[in-house]
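Each chain gets a letter, A, B and C, in the order it is written, and its residues are counted from 1.
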C-alpha cells in the first residue's frame, strides 16, 4: 500500500491554478523527491497534503484513506509531519517549547524519550535548548524544524525545501540525517530545488513544471535524464 | 453622467418641494433626518468603503462642524450672555448660515489634517481604535471648553436654518463627490491600495496622500452635515456626537455594502426606517431595542453576507460602466 | 508639593494602573491569538460590574464568592461571543472582525441597559475593602491594596500557565503561527477559546475591582477603560502580555501624575492626555516598550 496517493489534484489560489491535475504517489518506506523550479507548485502540493489548502478537484489518500474533508490538525494526527517552507518556527518560543509542540499529540510517557533522541540527533539543539527559536541561525532553525517534526514520530514526513538558504555543508548534513532517520521505515516526500542533492538520497523522483507533472521515475534514471539534467542539474547541452 | 440619474435628482427635488409645502412637521423632519443619514453614510463610505481605513471617528467631525457653525450663527441677542467671557468683537459677530457651514468644514479639515498625519500611519484595527480616540478627544474638548460651547449643559438657541432643500442638496452633493472619487483614477488607485498598499506604493501611487485626502474630504462632509444637524435640532450636547450615532452610520454602511454608494443610500434608508417603525415598541424596559436588533443584524450580516446588500456594486440603469470586478 | 502627596499619587497610579493592566492583558491575549482588537472587551468589564451589583448581590453575600462568580460569568460570556460571533469569521477580512466586535460591544451595552438599567448603580462594598489602612504613613484604601495584589497575582499565574503548561504553550504557539501550529496537531479552536475565556475573565475581575474602588458603575463605563486599555497595550507592546501589564501601569501612573501635578482646570483633559500619549508612542516607538521592532502593522 502506498503511503500517499494523489490523483488529478487541482488547487487554485484566487483565479490562478497552482496545480493542474497532478497525480503522484509515495511508496511506503521510500524517499520520494519532488523537483521543479520556483512557482512550479511544489509547496502548494505539500500544503494540500497537510491540509493547509483545500484542493478544488482530485483526491488525496493517505494509506488509502481519503483526507479531503479533514482539517490540518486531524491530518497531522494520522501520522503526517510537514516542515513548511521557511521552517515555520515559533520564534518567540524556546527550542524546548518548539519541540514540546512537536510532541503535542504524543503520550506523556514517551515525551522525554523522544526529546532525548532528537537532541542526540542534533546536539547543537541541546546547546541552545532554552534559547528563543527566533535567535537561531538558519541551519539551526532547519535542524529544529526537522527535530520538531521527527519527535512526532511521523509515518509520512513532508519536507519543503530543507536546503533553502543553507550552506552546502549544512544541507548535506540535513539530508544525511533524513536518510538516516528514514531507515526506521518512515516515508518521506521532499520538495527541493537543489536537485542534485535530493536525487542522491531519493528512491523515486517527480518533476513538476508550472503546476503539471513533467516526468517521473526512479531517482537514478531521473538523474541521468537529459532534459532534467539540463534544466535542473546544470548539465551542459 | 447618466441623464437617468439627473432625472432621479430632479424627482428628488420635486419631492422636496412637495414635502416642504404639504407634509406634516413630523414626516418632514423624518425626511430631513433621512437625508442627513444618507449624507453621513455616503461620506463615511469614501473612507471606509473605498480605502483601507476603517474610521470610527466620523461623529467627531460632525461635532466639530456642529459646534463651529452653531457658535457662529447664534443670533445677536443671545451672544453676549452666552459668550460672556469672550472678546467683544466675537459677541457682536453673526455669520450667515452658508459661511458658518463652510467654517465648520474648515475646522474639520484642519483637525483631520493634524490628526490624520500621525494617525494614518497606522493600519487595520490599530487605526480604527485610533479614530475612536478622536471621538473621545473632541467630546472632551467640547465638554471642557464651556466658555465657548457651554459644556455639558449643551448649546441651545441654535436658529433653525436647516430645511429640506439644504439637507438633500448637501446629500446629493456628497453622493456626487464620492461617486466622482470612486469612478476616477482615485477610485482605481484606492482599489489597488485596499488590496495591497505596499504593491500600490510600488507602482507609484502616493498611498499616504490619497488616504489623507479621503480622510480630510470625508471629515469636511461630516462637518457640514453636523452643521445642518445642529441647525435642525436646535440644541446640541457633547455626548450627542458619539458612540451611538457612529454605530448607526457604520451599520448603514456595512449593511448597504462597503464601497457601494447606492448601497449606503439604501442602507441609510433601511436602517433609518426600521428603528422609526419600531419606535412604538421602545417603551420603558425596551428602550434601545432597535439598537440591539441592529447589532444582532450586523453580526448576522457579517456571518452570512459579509459584503452587505450590494457588495461593491452600484445600482445602474442600463449599461454598466467598466468597474472592477470586485467582491 | 510634598513627599506625602507624591507617594499618595504613586499609590493612586498603581491602583488605577492595576485595573488598566488587567484589562490590557486580556485585550492583548485576544489580539495576539486572533489579530482582533476586541472592542467589546471594555464592555465585558462593564457587564461584570453591573451584574455584580444587580443580580448576584442579592444572592451572594460573600465578596469572595461574588468575585469568583463574576469573573467566571465574564469568562463564559467571552466564550459565548467567541463561539457565535468570532469563530464563524475566522479567516475573514480584518474589517469584518472589527465590525462584529463593534456590534458585540453595542449588544453588551444595550443589553445591559435593557436587562438591568441605564442608570448608574451603587456597587456595594465590604468594610474590609473600604477601610483606609495605614501603610508606611500613607492612607491606602483596602480596595486599592486588593486590586494591586490581584493584578500581580493574575500576571504571575498567567505567566506560569503560558510557560509551563502544554495548553499554555500551545496558546502562545497559535498566537505566533496559526498555520504551523495546526501542523503540530493542535486544534486551534481550543487555545483560541481559552485565550478568550482567560482574557474575558480578567476583564471581569477588573470590573469587580473597579466597582469596589469607585463604588459606582453604569452601562457606559466600559467604553473609556476599554480604549485606555488599548492605549496601555500599545504602550507596552501589543500582543505581548508582559507588555500589556507594564503598559497598564505606565498609563495609570502617567495619567495620575498628569492630573496630580497640573492645575485643576486641566483635570477635564485627562483623557485627551491619554490619547496624546498614544499618538506620541505610535509616532516614536510604535512597537511599544516590550514589543519587538516590527513593521507598521503589528
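As a convention for this text, a contact is a pair of C-beta atoms (placed from the backbone, for glycine too) under 8 Å apart; a residue touches a chain by one contact, two chains touch by 3 or more.
Treat the numbers as computed from the prediction; the structure is a model and nothing was measured.
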Discussion item. Measuring between Cα centroids, which chain is at the maximum distance from subunit A?
Written reply: B
Discussion item. Can you identify the chain nearest the overall CA centroid, using each chain's own CA centroid?
Written reply: C
Fill in: Where subunit B and subunit C are represented by their mean Cα positions, the distance between them in whole Å
31
Response to the item:
Taking each chain's mean CA coordinate, subunit A and subunit B are separated, in whole Å, by 54
Fill in: Intercentroid distance (Cα basis), subunit C paired with subunit A, Å
42
Fill in: Complex contact set, residues of subunit A against subunit C
50-52, 71-73, 76-77, 81-82, 84, 88-93, 97, 100-102, 104-105, 148, 152
Worksheet item: Which of the residues in subunit B end up touching subunit C in this complex?
Response: 54, 56, 118-119, 121-126, 128-130, 132-133, 136-137, 140-141, 143-144, 243, 247, 250-251, 254, 258, 285-289, 291-292, 294-296, 298-299, 302-303, 306
Worksheet item: Along subunit C, where are the residues that touch subunit A in the complex?
Response: 166, 169-170, 172-173, 176-177, 179-188
Fill in: Residue numbers on subunit C that touch subunit B, as the complex places them
31, 35-37, 39, 84-85, 88-89, 92-100, 102-104, 106-107, 110-111, 113-114, 118, 220, 223-224, 227, 230-231, 234, 238, 268-269, 271-272, 275, 278-279, 282-283, 286, 296-298
